[in-house]
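For reference, the structures are reproduced in the following blocks.
Note that chain A is present in both complexes that follow, paired respectively with chain B and with chain C.
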Partner chain A sequence: MQPPILEIKNLSKAYDHGKNPALVNFSLGLNKGEVLGLLGPNGAGKTTLISILSGTLRDFSGSVVFKGMDLFADRQLRNQIGIVPQEMAFYEELGAMENLMFWGGLYSIPEKELKKRAQDLLALVELSSRAKEPIKKFSGGMKRRLNVAIGLIHQPELLLLDEPTVGIDVQAKVSILDIIRQVGLQGTTVVFTTHQLAEVEQTCSRIAIMDKGIILAQGTLNELIRIVGEKDIVIVSGEFSADRFSDAIKPLIHNDIEILSITDNEAHLAFANSEGIPGMMQHLFQQHVSLADLKIKSPNLEAVFLKLTGRSLRD
Partner chain B sequence: MKKIFHIAHLDLKLTIRDKAFFFWFLAFPMFFILIFGNLYKSNPADKKAALLIVNQDRGQWGNYFVKKLESPDIELDVRTSVPEKIIRMLVIPADFSEKLVTQNSQELQLRKNSAANMEAGAVAETKIVQAIARLLSELIIYGNRNIEDFFAAHTPFNDLVSIETRLPKDTVAVVPSGFDHTIPGTIVQFIMMMVLIYGGVMVLEDRKNRVMERILFSATSFGELFNGKLLGRLLMGLMQAAILIIAGKIFFHLNLGNIFLSSLVVLVFTLAMACLSIFVGSVLHKEELIVAVSVLAGNVFAALGGCWWPAEIIPPTFRILAMVSPAYWAMDAFHQVIFFGKGLASILPNLLILLAFTSVFMVLALRFFKIRE
Partner chain C sequence: MSRTILIIKNDIKRRLKSPLSTLLFLIIPFAMTALIGLIFDPGAGGETKLPPIKVLLVDLDQNIASKFFIGAFDQKQLKDMFQATTVSENEGEKLMKKGKASAMIIIPERFSLDLADQKSVRLVVVKNPSEEFLPAVVEEFADTMAVGFSALAQIFADEIKIIKLVGNTSLEKISFAELTPFLEMSRVKIMAIKKFLSPLRIGLKTSVMAKPGQVSKAKGFNIFAYILPGMLIMFLLFIVEASMREIQSERADGKIRRMMFSPLTTHELMLARIFSGWLLGLLVCSLAMAMGALVFGIDWGDYFWLFILVAVTCFWSAAFFGMLNAFFRNKNQAGALASPIILVSAAFGGSMLPLEQIPSSMRWLAGFTVNNWFITGCREIGAGAIPLVSYGVLLVSGLLFGLVAVMALQRRLTT
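== the complex of A and B ==
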């Protein structure tokens, strides 16, 4: 078995003189060619992790080993890592081709080779026809695609993307996820952070769910679904308070029904057997709990996240 | 080193691409040159060494002295009465011959208009001194013979004496026109303003757009990034100087004296401004603030430092105050090289003071250089 390409051990980082922990003994191993989706809500510590790996955030404890070497001991190792920040960090006055030539120039790639790579990447991100146009005229989705292309110009072995699909429309999102998949298929190891469940479900070979600076669970999609069991998720909504619903449902709680979360006006329940759903409805009706809607979902990543964190991902 | 040039080249490219580049780097400074150049320009009608001679002498010696003044370098206009308007005038008094014959001392008056061309004036004055020397030499050669017979007997030694003027080492050899002062002044002012504005704003924008942070994602070190930014600003300043020097040469026959020394002054001054621009761009958080501070500092330091008018004419108190401005030391060095034809040894103190400014600004730039907000 090959050693992991990236091994993060006990990484801890806190802000405000230690008052706000962002990462708490965070450990993660990554094998070559894997596409890992790092899923977590805002404030989970995803961007802090990427900032540490990119070398721009200091004062942390723990270690990061890349290809058997301390990542921070030798700057030259950075030539093998591509980082796509959440911000559109490039020169908007320049064209896409000029940008790629500038960023590629930082990696001492011979000009002829660099030009070829830039053209190939522009084709990959579907910007060839607008290669010379100033970026400031691009749409948000086009800018995001270029942002990814810049991270790939030096053909890194490891690509880190920090929320690469933030703030763009569905079509652009699909395009970027496609690019990530293609890069993964070409053998590049990819880590990308997101709080979009659908993105990791569609794109990643492995998923890690993190919150409050730690990894709650990791594995393939199927492995994670097993955490919640083969239960249906029932989402009921109506005009009720969390306490009122909790009191009303309490007599029904047994092995077949599990409360995932209850908030005012909405509750998530897991049913081992969906035949119990009409009975629950009748019981709540008798308890004068007013229900407006009921949805039944098959086990998915959302349910896993809900179960692990006790809250919805977009909270 | 390649990465430093790569980063610097991009900043220079972005500067040139700016839509206001042509205005700020050429049109606006040319406007300054035209305004101040014409304000400090001598009377163009007096470019030749013209000398009006009012010969009031009652004897022959006045005319003879006028003949001694004749030379291809000077245009003489001999009259007997004083006209209303004069540029430069030599008055030969009525008793000139009489005093000469009786061997009494006498006085010649040279009157000048304040707007008269200094260079032409220097030529005229030299010719007057030469004529006096030649006349006296002839009288010495003539000896103790009867002075009344001089004009009959002087032919053998008429024009025997020639006078050659050799200027001492540090004498003003060239008196430049107003543009020769104004163009270096505008170069200094606009290096200061453009490097501070463009250099400072780009540091701010790069920081806000997080491109400097992204540069450091690569194997590029902090030192390479800093030096790249520094070199970029140095090249901006040198480009500004080159544009104005070329325009000055083409349109105003600019005289920069020893071009190597003048270039050295530009280089050292620009280096100081390059460091200052990184500091300004790092500590100020708004583009408008950087522009305001740069324009204010640029104009105040330019006025104090002698970019608009020679620092020699400002009151002593302000002149002492002006020494806090790097522009003062750059302009003083330019004056030494252009106006007084001095060498490296004379401007070395100025260069060392500018390097001291550079060191202080460099420390500040390194201390406050921020790659992200």
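== the complex of A and C ==
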């Protein structure tokens, strides 16, 4: 097997003079051509990780090896990485083509070649017809697409995207994920961060779940789902507080029923055997916990996430 | 270097693409000149913002016309502007030597009688050599008065002959205030025929204490030439600071992070930013100075040396605010700290108060402000000199700030 293209080892970073840890011995390996989804709730440390990799955040410990070399020792090495920041990092008063020419120009790509690449990228992100318009007039989704295109202008071997789908509508998200898949198919290694489960489920060859600065689990979708086992996920909701529900359900907790998460008005439980569900309902009724709704789902990434972090993954 | 040029080109392109914000910057000089015009245009009846100027009056004539002249300083509007003291010639000279007043006006003997005889008379203005601005105002005022007296003497030639009849008898009873309505009535008449009055009966003889005999040109003073540079440098600082704040916004919106991922280095970036700020400052400054020449008739002096002064001043401003913005944590901090810095430097550097009027105990502080070096530079060029000291100070400190800016940005971007 080939050595990994990127190897992050024991990366630690804390803000506010060490009081606020954002990454804690974070380790992750990445193989060439992989599309890795880095899933984590807000504040998990995703942006911190991308910032360290992009060289704009110092005072961390640990090592990052890219293509067998220390990433931070060699500036030219970093130039082979493409970055798509969480922010719309381009000049809104200029057009899409002008932006691509500017950002590409920083890499000293010959003008003719640069122009060709820019045109190809505009086609990839479906902005060819609006190449000259000022970006100010673009929709959120179009801006996100351009943001991705700029990250690709120097044909990086590794592309890092920080929440590329945040704040846009469903259709625009689908289109961004489509672009990411295509980039992956062309042989570029991709890491993208998100706090949305559906995105990694659809897009990635491998998924890593992180929270509070560490990786909790990683693998393919199927590997991860095996963490919760072949269990049914039951979501109950109603007029109850988290404490009230915890107390009420306690006597039922044994190997067959597992608590994934409990919040006010909603609880996620995993059942090894769905025959236990009516008994649970009856028990709750006797405990005067009134349920308004109950859903049964087959095991999914959300359940894995809940089990690992104990909290729900919402915006 | 090619990347620096790429960023500069891109900046210019952006400025042209969104001309509104750039236009806004360019409008400032126009607004500024209009503002100055409003404040100092006597026709608008606006009060001058200057504190009273100390003037010594020496009355060697002691007759009706001189009483008139001295009485004029008792008028309300003039009282706000001048703090006049009547003194004997000896006393006056002593006080002037001590620098106790900005100027001394000497009304010569036979002033009234000569005026009545339609002979040419002269008012002598002795200026304090350590001040430039205030004595010039006095001179300007005396000049205006002289024109007025000239007019009176010609229009009311017959009436003025009374002076001769009355002779040297005391005229304490006649006050200027009593005559004001009469003067007011004839003012329109005076204005209308002013241009036909020639030659003027009253001339103005100016001398500077330290160099007796040197007579300055009566028309050489232009109040705007003294005010505009001070205002201009203050506005320039605000404008350049606003453009250098781009360092902050580009850091906040991820553009700089994206740039740092490319082969672009921090010093290439800072160089480009400083150049862009410099270019904008140069544009605004040139425009304001052209306006000053066209609207207020300011004679700036040699345009080549003026351009050099403007160029180094804009460079200094861009480098200085480049440095501050590299130090500042974020846009808010930049906004909160930059304005006080500009205002303090305006206050001590001669933008708000003429340098002459800053108490001498604080005058030395001016040397630490760009305002001072720019204003004195403008004056020196206006007087036909080359402000080598201003060039040197601004260039050397500007280069220093530029260097620190690069280092600060490097630190800021990687921690």
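Keep this in mind: the second predicted complex is superposed on the first by the 314 of 315 C-alpha atoms of A that agree within 3 Å, B and C clash if a C-alpha of one lies under 4 Å from a C-alpha of the other, contacts with A are read in each partner's own complex, and residues count from 1 in each chain.
Quick note on the criterion: a residue touches a chain if its C-beta (ideal position, glycine included) is under 8 Å from a C-beta of that chain, and two chains touch if they have at least 3 such contacts.
Just so it is clear, the structure is predicted and the values come from calculations on it, not from any experiment.
Once the two complexes are overlaid through chain A, chain B and chain C clash, as defined at the top of the document. When chain A is checked against chain B and against chain C, the one touching more of its residues turns out to be C. Once the two complexes are overlaid on the shared chain, A:87 sits against chain B and chain C alike.
Once the two complexes are overlaid on the shared chain, A:270 sits clear of chain B and of chain C alike. When the two complexes are overlaid on their common chain A, residue A:56 makes contact with chain B and with chain C alike. In summary, superposing the two complexes on chain A brings one listed stretch of chain B into steric overlap with chain C, and the stretch in question is 189-197; the others among 99-107, 189-197 or 243-251 show no clashing C-alpha atoms. The residues of chain A shared by its contacts with chain B and with chain C are 54-56, 75-76, 78-79, 81, 83, 85, 87-91, 93-94, 102-103, 105-108, 150, 154. Considering their complex, residues 54-56, 75-79, 81, 83, 85, 87-94, 102-103, 105-108, 150, 154 of chain A touch chain B. Taken in their complex, chain B has these residues touching chain A: 2-3, 6, 10, 13-14, 17-18, 209-211, 213-221, 371-372.
Of all residues in chain A, only 51, 54-59, 75-76, 78-79, 81-83, 85-91, 93-94, 98, 102-103, 105-108, 134, 150-151, 154 touch chain C in the complex they form.
Only residues 2-3, 6, 10, 13-14, 17-18, 252-264, 413-415 of chain C touch chain A when the two sit together in their complex.
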